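The chains carry the letters A, B, C, D, E and F, assigned in the order they are written, with residues numbered from 1 in each.
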Amino acid sequence: MNLRRWLPSPPLSLTICVFWLLMMDSITVGNVLLAAALGLVIPPWAARLDREFARIGRLRPVPLLLLVLAKDIVLSNIEVARRVLGREDRIRPAFVWYPLDIANIHGITALASFITLTPGTVSAALSHDRKYLLIHVFNLQDEAALVAQIKRRYERPLMEIFP
Amino acid sequence: MTAHLPILPILLPMIGGAASLFVEHRRFGTRVQRIVAWVFMLATLAAAIALFRTAAGGDVQFYLLGDWPARLGIVLMADRLSALMVLTTALLGAACLLHACSGWDRRAPHFHALFQLQLAGLAGAFLTGDIFNLFVFFEVMLIASYGLMLSGGRGVRMSAGLHYVAFNIAASTLFLISLGLIYGLLGSLNMAELSARIAAAAPESRPLVQAALGLLLVVFCAKAALLPMYLWLPEAYTRAPAAVAALFAIMTKVGVYASLRVGSLWFGPEAGAFAGFGQTWIVPAAVAGLGLAALGVLAAARMRVLVAYLVIASASTLFIAFGLGTPAATAAGLYYMVHSSFVAAALFMVADLVRRGRGDASSDIRELVAPPAMRRTAGVMYLLAAISVAGLPPLSGFIGKAAILAATPTGDVRWAWPAILASSFMVVVGLTRAGSRIFWRTGTPGATQAAAAHTRPRLRLTESAAVALLLALGVAMSLLAAPLLGYTQAAAEQLRASPAYLEAVRDTLPARRRP
Amino acid sequence: MLEAILAIPFVLALVLLLMPERARRLSAWLAGLAPLTGLALLAGLTPRVMEGEVVRNLRPWVPELGLALSLRLDGLAWMFAGLVLAIGGLIVLYARYYLGERDHMPRFFGYLLLFMGAMLGVVTAGNLLLLVVFWELTSISSFLLIGFWFQREDAREGARMALTLTAGGGLALLGGALLLGRIVGSFELDAVLAAGPQILASPWYPLALGLVLLAVFTKSAQFPFHFWLPHAMAAPTPVSAYLHSAAMVKVGVFLLARLHPALAGSELFFYVVSGVGATTLLVGAWNAIFQHDLKGLLAYSTISHLGLITLLFGLGTPMAVVAGLFHILNHATFKASLFMAAGIIDHETGTRDMRRLGGLRRHMPTTAALAIIASLAMAGIPLLNGFLSKEMFFAEALSIEGHAGMRWFVSIAALLYGVFGVAYSLRFVHDTFFGKGPRAVEREPHEPPRFMRLPVAVLVLLCLAVGMLPQWSIGPTLDTAVRGVLGEAVPQYSLAVWHGINTPLLMSLAGIVGGICLYFGLRRLLDLHAVVTRSLGRHLFMVNIEALFRLARRFTHTLANGSMQRSLLWLVLAAVAAAAAPLLAGEAGLLGDLGTRLAGQGAMDRLAWVLWILLVGSALATLALYRHRLIAVVVLGGAGLAVSLTFVALSAPDLALTQLLVEMVTLSLLLLGLHYLPQRSPPERSLARRLRDGGIALVAGAGVALLAYAMMTSPRDTIAGEILARSLPEAWGANVVNVILVDFRGFDTFGEITVYGIAGLVVHALLRRARMAPEKRMPGPPVPLPVPADLAQIMFPLTLVVSIFLFLRGHNAPGGGFIAGLTLAVPLLVQYVIQGAQSVESRFGFDYVRCVGAGLLVAIAGGVVPFVFGTPFLTSGHADLHLPLIGHVPLASAMVFDAGVYLVVFGGTMLILSMMGTLKPSRKLIAHRGYIDTRRRSPITGEAD
Amino acid sequence: MELALASGIGVLVFAGVYLLLRARSFDVILGLTLLSYAANLLIFSGGRLVTGKPPVLRPGVEADLGNYTDPLPQALVLTAIVISFAMTAVAIVLAMRSRGDNDSDHVDAEEPLTREREETGR
Amino acid sequence: MTGIQVFGYPLIDTTIVAVMYVVGVAMLMGLYRLLRGPTLPDRILALDTLNVTAIAELMLLGMHMRSAIYFEAALVIAMLGFVGTVVLSKFVIRRDIVE
Amino acid sequence: MMQAAYIAFEIALVLLLLGAAFFIFVGAFGLVRLSEFFKRLHAPTKASTLGVGCVLLASVGYHALIGSDPQPRELLITAFLFITAPISAHLMAKAALALHMDELPQLPGSPQDTHVPPRPDGERLEDV
């Protein structure tokens, strides 16, 4: 209980440490101590802003997910570039309701971000009941395929990470 | 501590302001707030007196902030003029605080903090020897004045405040533009250093430098409400609460002070092509402004407006006095400057007494009738203040005006005297009319009864004490006119010696650092 | 002794003014004390004065001004002082019985003594400026006395009129005195009186004379300023008796006598003074006949007599001076007694209207007898004092040297004066004491209290004594006074009642006969009682004053209509003029130079023009779109970005950072404000105005551009090099901008954070209790934003880290307290925006006000610490700590100061933003303003049309 | 570059002054914002236009005006930015309050013409 | 060590300058959208784009000047540049940015 | 050997920069060219983000190459950019929806309407 209060989020503390060291751009004893201190001090303070405490599950799929994401970002950017430079009347934009299986808010956020980052789609809204994500598709060919693809590539791994 | 004397009048109210923020909670009550405010007010006053006494000796104290030589850092400069202005501010501040403690301080959020910070801003503006730092302290003073004027207010006061604020922001922007040009052209911000650089400005860059300095003077004149930039003042000063309007009496003087300071340092006889710069414009504007202000006094439908125009008139008179260019005239002007600050403040307070007595319903002079309970005391106060402000003997106003007239060089008598005497006459007429209407009329019986039934306006002791203090200062000024004029004479002589300033600033060495 | 005579009335006046209303008896005693002691003291000085000594008393006051408390008692001053004190004493006695139960007696006597003191001051002043001081004091105290019955409109008006004229004259006198002082080189009367020839020869003489005469004429009610005197009769009668017969109005002619040696002797003096005097004499005497009010008649008669005295002084001969002084004394005695008699009549009958009076000799025989004798003195009947001075006057009038026309004019005036004087005196006596009894008076008239009559009796006795035994009664006094004016040049004169049958005597007789004929002739020819007189002077005065007020109102309202637009317009115009004047005066110089400078420019950096387009495009678009406020705000963001990028491109990373951050906060502020403001500005109707403003803006813009360009391309020499060089070794910072901010010019920053903190306080004060309503509200509850909220939540701790990073590194790299403070505040703002204010504040409660206060105190503490080491405020200290493990840690005391900056900036920003974001709604206004129809919002402007 | 910056400042002043003279509080505030950009750029340009030489000292480079741009105007501009921001904040709040209290966002808190009021639908 | 030279300049530096021009053109296109609209979200989007391209321009400038001094500015734009977009969008959505 | 590696690295950087230029250009070009807000939204929010990411990467590499203070911390900028870009895009889309821009009449050259379809489970749009 006490640990939870003083160290509400170890990943965050770690992130802050790394972040600090990256910014200071030199790893001295003083910097490391300072980083550790910040990693301890800031999270409890920042945690007061948290409204929803969501669980974090296994982190195993993270590297693969990031790789997939990176690849998708590049590839679909090229695709979009082609469309942008090409004839506009061939573009078929549309709104799609994406049904969510994931319930963890961090997961939903990550999914929405991924959807936005991979061009071709922008997550435009989350329904109140958090069951649907409204996404705008730059060039829609097959709605079902798109939904399936997102589920397969992003939502599944995310459900593992944020159960 | 004597080494740090020049900064104390800035620092003490600054601490006072910050400290006030910690006792604002309901838990402490008004009493604690007032105690804190008075502790710092009195400390500031003591510092101002000490500074005044030191300056009276004739030494200019230079205070090198950050221990940097003046050309690199910021220097505070406490000469007779600065010390006089600081002391005036502190005395006026004490009276205003006294007045505010009759109740306004409870109704206006952050009053004490803003008040102290306003004093700090004023002191800073009077003491600094750096032109950019002057801008900064102008802003401190102004923003605190916005707060004081508007805190606890509503309605029309807000639009009046917007006018005041927007005008001042615009003027401050102009100030910045001018400062940018000055630094860009001359490469320094220290006023003494600049005086040498201005005098040495190459002929081809002179028009540019003149444009920059002209803008600067425009700013100072705007803040001092010189014609044609006086339109902002009546509404602003009219809408401010009394204690604050009274403190504002010195705000216009800051503009006058600044132009005097800059004029003596930069546009003195040794400034070559810049000698007397700006006077050809300022003096006629001041004469016309004096006339319009006197007309404004006559036209004023409300007591506060009347006083506001008196403030404009006094600023114009000061520009005339300083524009005359002789040390005697400057000395007379300085005396008049102090006097007019006190008396305008007293009048604002009296005006407020009467208005408060009648509620907000009727502040028109044509209908305003002083409530019986305060007719006598307020009437006497009004009478004394009016005599003084109109320049009738034997109070300080007479001495100030007579001194200005006496110091007018023979060549300038033809325009300066008619301007000053005629405006005095109009002021007498206006004040007589207003006073006889307000304090002598018993009013229609119905109105009086209604007023009596409505509020039973009483004179609060602190309010009358505040006015009495200011009037007593005026009386003291006339009794002590000789030493005071001696002081201002010396101050004026000191101002003339601007090359000596430059020497002195350069010779002031840091305590630890190499020069 | 002289000082005591002067001081006693003032001291007692002060005492009296502080006394409660019920202390009537005591106040009267105290008031009586002043003239009594004064007379006693004066008597002590009399032998010396009589011997021709001038008693002096000098005390410095304002030597810088030449103003000294210099008192000087010569014969003239002595005579006047005696007059003022003696009649003053009688007036006190009289007033004690005259004032009613409802009159505030202590106050009355207080004012009266104030006036007495002022009078004594005028007559004994030995310094011209001091004389002016007391002169104006008489104006002020007489204003108070005339307005004593301030409930009455006529009293207020009379008082105002008197003050306007006499104080105005006083201002002229100030001018005149200053001029005389300037000519002579001293304000001391001795010097001035000795400098007559010098003054007459000065080119300033006409002006000085004019100014002094203006004072004299206004004070002594000379034509055309005479009209205030009858209106001052609204005062209680003791006041009229004192001020308007014996004392104040005599001050004017006193001044003529006083400055006679200095000013008289020129043609100008002769014609102006005697001309005005003669005119006044006739105007006053003629008008007196037609007054119905007793006091009105006496007032006009006074004007006439004052005209006579003025005329005499104007003639300038020594004998005329003697006559003038003699008449001053005589007039004071008979006129004061007549006023007092009039007061008794008023007191006993309740009216002063001669049309309602009559036959009073039956009801109050003693008073009647006294008044009749005094009237006869006024008429100049032999064996009374008035006759003697009148005869002297006639003699002088007949012996005028110079222009014959003037001699005729004055002689005829003298004769008419005699005729009219008899006529109005007769009217006074006849209408009041003879004929049918008083009509429609409230009570049966009877004799007044004994002590009320006593002063009248004393004065009438004096009239008789002087009239019958002049040499014995008045001789020494007059002689002393005359020597005071004329010095050794005293002429031979005899104060005998009988000089044999000569022209003056015949003129007197003719006057008496003519006056009787005139009075009865007028009675027969026209019904005197039906004549309605109007005071033309008063009418003109009122018209002029009203015109002045109207002019003032028109001017002021046209000019200062409170319009902010006009205010700003003047500011801009003044700035344009100030900047343009030297540029235009320097004519082609700068412009020609500009041409060569332009030619010298190399190829522009193309990327700079990209920024230029960004800046100019955004600015102009803001201008074009300003009426649609939201769009303008968005577009303005482009300009802000362009400015930031300009800073970056031109080697100012700190500036760019600050600009970016401030930009974000400003944008938030504008939007927070826009919520409570109309979404668009109404269209402007006046094309002319837009064109005018556009023209002015164009000139201003072009001017600033020109100045900026010329500045940027001109050489200069700056102190910055030294700052660069000393920054690292002496201030231990590599980021020189930050070093300047916290060290070289730390005091600027100190002021700056004060401004910032105050801004927070002002906003807090303005909004804390405000109840506001948005222009129009969106229907429905706040929209939750879970996805952005979650992302922002991840950002927040990281931004905290960045903030600390920027703070710690600021001294050596871009950053510092201000930037760090904003970097902390902006993410918190995002939390407010995304989560809602309540949600944030409930979890993250901060007292931002105290944060500001703490920041200020920390900054001050950081600045004050050097005091310990004997160095000034804000001197930076530095220590290199070598800690085990950690190693070398540089510590600069400027960090403490910067920490204060950090706190103030964070606290101030959040105070402003949170206050603006969490305003309490005003239900009333909200109901009034209603909801937005979300279906009708325009995607182009975002507004609901 | 000097010409670009000078003319840019001029345009900012032009737009700023025009807006400053408008009758609605918000417009005036926009004008003041533009003017403050102009003032800041002008002060800044007093240090002359130098690219690539920010005044952050690097070891081994002599600290003089040849290697670094003039830092002083930058410090002045920083102060100026902060102060104008503070002033803008106060002005906006006042505009809000004036609108709320006086039911008008006209700078003088009164609608100049009833016609105009009708047009704006208030 | 010398890299590839083009027209006497190192290729990499030439590329940086060229990219700076491209980014500059991109900024002008962003400006076009900002000024042209037509809808309000378009302008917001344009402002956002301008911010993002400004980061690129800053980093390129840093490379061009061989200085790391622009890091802080770029970091702040990246970290907080979205604030403008957030508050503007929030205002459009609710006509109020803090509820 | 070193020289070859240097040149290879340099070429990689040049390619990275060219890619960055391409994507940034496309993002801005899309912003200008495309005919409707929701289409325009795609181009800059992501193409530009990627382009900037490339520049940052190139910057790290470049500073390493020339030896002037190599700074991996510039990657932090990329990280922030990738966190904040979705927030912006999400909110802008929401803003457009709030203005009912999805219901605008068809613009010329735009072949397809971009109405928000009804939710599959039949809830109303207001639930968004």
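FYI, a residue touches a chain if its C-beta (ideal position, glycine included) is under 8 Å from a C-beta of that chain, and two chains touch if they have at least 3 such contacts.
For clarity, every value in this text was computed on a predicted model and none was experimentally measured.
Both chain B and chain D are touched by C. Steps from chain B to chain F, minimised over paths through touching chains, total 2.
Interface comparison, C-D against A-F: more C-beta pairs in contact at C-D.
The chain with its C-alpha centre at the largest distance from the centre of chain B is A. With centres defined as mean CA coordinates, chain D is found 39 Å away from chain A. The distance from the centre of chain A to the centre of chain C, with each centre set as the mean of the Cα atoms, comes to 74 Å. In whole angstrom, the spacing between the mean C-alpha positions of chain E and chain F is 11. Chain C and chain E, compared by their mean Cα positions, are separated by 61 Å.
Those residues of chain F in touch with two or more other chains are numbered 29, 41, 45, 49, 71, 73, 76, 80, 83-87, 90-91, 94, 96, 98-99, 101. In chain A, the residues that touch at least two other chains are 19, 23, 112-113, 123, 128. In chain B, the residues that touch at least two other chains are 132, 136, 139, 143, 146, 150, 154, 162-163, 166, 170, 177, 180-181, 183-185. The full set of touching chain pairs reads A-C, A-F, B-C, B-D, C-D, C-E, C-F, D-E, E-F. Within the complex, the chain D residues that touch chain C are 1-30, 33-34, 37-38, 40-42, 44-58, 63-65, 68-72, 74-79, 81-83, 85-90, 92-97, 99-100, 105, 107-108, 113, 115-116, 119-120. Residues 606-607, 610, 613-614, 617-618, 621, 630-631, 633-635, 637-638, 641, 644-645, 648-649, 653, 656-657, 660-661, 663-664, 667-668, 671-672, 674-675, 774, 776-778, 782-783, 788, 795, 798-799, 802, 806, 813-815, 819, 823, 826-827, 829-830, 832-834, 836-837, 913-914, 916-918, 932, 939-942 of chain C are the ones that touch chain E when the two sit in their complex. Across the complex, chain E is touched by residues 51-52, 54, 56 of chain D. Chain C makes touch with chain A in their complex at residues 784, 786-787, 789-791, 793, 796-798, 800-802, 804-805, 831, 835, 839-840, 843-844, 883, 885-887, 889.
If you check the complex, the residues on chain E that touch chain C are 20-21, 24-25, 27-28, 31, 34-35, 37-41, 43-44, 46-47, 50-51, 54, 57-58, 61, 69-70, 72-73, 75-77, 79-81, 83-84, 86-88, 90-99.
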